[in-house]
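After the structure tokens below, expect a handful of questions from me.
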């Protein structure tokens, strides 16, 4: 289907960059068809036997879980429930989380809120990769969990855990702010079970 | 005379201890595997709103930014010299006032010259 | 109250200007031949009594045997409205003149029709996919689009 | 002697604090002055128009909540008006009044968010937004009382409304409409005479009247450029012809006028709600609509005045239970068409203010 010979476009439109972006999306679509299993490895490990390490673990996990900073990455409708949770009524700052960092470099938690489309998938994967360790992901809303309402659409990723490993799933469309707060408390429980003094792939 | 200022030494030590801790602690925590280490290519890429960066960034900027920086530095340095004078205003008396005015006048000449040469125009 | 212009009068004016351009006109819709698209658009915009200066929306529908492009025109001064339709029978390479010259508001809507239907708009300044990524195969809103 | 300067390319990309969702602008910058911009859409394109063709008419109502997720009620109303026009259904009086009350509450909430995020983009980070959220939470409580949901209400049905209002709704609504003007006064003191806001918004991003019409913009963007065009007055749908209210317009069409229009429209919405509350008749709330709706063959275009502009649904039916074609007239996408003309030659900070004043919602842009 060759394009017609329209006049020299004085409108700036970068076809080469679009083509590379298109290839990136196709590449991610081929790569990410199977589910990435959730990083739950530390759930069933019993805590450290050594007394000093156990209390150091407790201190480190407490400090990590009590100030988890989310990335300011809103995709769709759930983003506005997340902002409602961050505003004065549902007050996410009770958990030390009211600072929504725009750049992933300074954030620990990526709340995927809204429908993830294939065109946005490589970008979201890049944001997740560029976050500092240890990082956690909350899949908020049924669109993030399984594609939700738009599951059999040609342009929607049926579930974010095909792209990035997810720690906590929050059902709802959109989930009420109380549900998001409950999900965050579950994430805190999960962080508190982490063991820190072993050499292993990232948490 | 000197003994009156020994507390400055404590500040110096505190500064070094703090600096050492700020640098040493992450290295120590990395050694104990508290800070996980998971290098990958994407992480060391430049973050630009989730997109790959395109084009080069070492480019020729407009010169007016540099003009502003120069003028700012001159005035800033002048202010640094005013501080000690301002603290001891009473003891130094009128002669110090005249010298400071001469000093300010010299810098003002450069500032007005730059102003007239339209260096501060922000087109 | 928005008056739905009688298509027959407007068709008569159009016929006077470009003989043989309207195929049929009923209610408030006129169906014209596709090669008269740009001429009819400029005529409807600048004609004295009509002056449709506001393109309300522009969309397309796939009726399996032909495509139909729908222009919903409104005149803000006279508060009357008209629907202009064009049928494209060529399904392999559907082609239509772009009206971005007449109404600049058609820019993104024509790109959307190109993206989701594959209808080519000649003369469009920046015709490429607007919603889907460059390597996407096929045109989703066509009835014969396989997932 | 002008030194040769080079330009460089920056993405105000999908994940950006002030792009109101996943919208990307590819800037070509010379220093901080924008030489060219290319808006890139599609990061939230879920193919709603394709999915809608697979479901029945009443099931598609659920998609409309996710279109402009800041104004779900008005999306429902637009879709309901379109299908009722197609199928020729007469909606009972009480349902019409309930729809008007909910739509005007939604307009206030959407304008609150529009103004709140505009001041966010200008630099007053989060302070005015938290004030606006305090009012929005009150509106969401009212909606919660009526249909149990905070954001995606699915409240309206084809031919009427899903549930009647509980008794405590009207007193709560009365209290809300009495206190809201005082809060809007509070925002006026906070914002209208604020020196920074005036300097940052006056004479920035001027959209002339002809350009606004030619770019087929709608809603506050069109009225800010001096065109008195509001579907509630131009083509009164539902019972809007029984209320008297004005259409605020401005003349210059800059960011400040678009901000002013939103504040004035909030006041007008309160007047409409007050009148609707007094004239609220008794009666049933749902017309007799067959369980499986099969509208006659044909097509219809129903439109309403949404908070962002004229929101319309173009429906083609071939007699089956699901629509043959459903097209949504996206006011946000059409308001974005003049973006390139407004933004070239402007500094980046002003470009973000202009973009914020156009007040788009990505669910409606990408559909």
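Letters A, B, C and D mark the chains in the order given here, with residues in each chain numbered from 1 onward.
Following the convention adopted for this analysis, a contact is a pair of C-beta atoms (placed from the backbone, for glycine too) under 8 Å apart; a residue touches a chain by one contact, two chains touch by 3 or more.
No experiment lies behind these values; they were computed from the predicted model shown.
Identification of common neighbours of chain B and chain D yields A.
Per-chain CA centroids place chain A at a distance of 28 Å from chain D. Chain A and chain B have centres, each the mean of its CA atoms, that are 37 Å apart.
One finds 26 Å separating the Cα centroids of chain C and chain D. Averaged Cα coordinates give chain A a centre that lies 42 Å from the centre of chain C. Among all residues of chain A, those that touch two or more other chains are 11, 13, 17, 119, 123-124, 127, 152, 154-155. Residues of chain B in contact with two or more other chains: 50-51, 54. Chain C has residues 129, 131-133, 140, 145 in contact with two or more other chains.
By the definition of touch given earlier, these chain pairs are in contact: A-B, A-C, A-D, B-D, C-D. Of all the residues in chain A, the ones that touch chain B in their complex are 17, 20, 56, 60, 103-105, 123-127, 129-130, 133-134, 196-199, 201-203. Within the complex formed with chain A, the residues of chain D that make contact are 13-17, 21-22, 26, 28, 36-38, 42-48, 50-51, 62-63, 65-66, 69-70, 113, 129-130, 133-134, 136-137, 140, 150-152, 340, 362-363.
By the touch rule above, chain D contacts chain C in their complex via residues 41-42, 45, 47, 49-50, 211, 213-217, 227, 229, 234-236, 301, 310, 312, 314, 316, 324-325, 327, 329, 333-334, 336-338, 366-367.
Of all residues in chain B, those touching chain D in their complex are 48-51, 53-57, 59-65.
The touching residues of chain D, counted against chain B in their complex, run 3-16, 24, 30-31.
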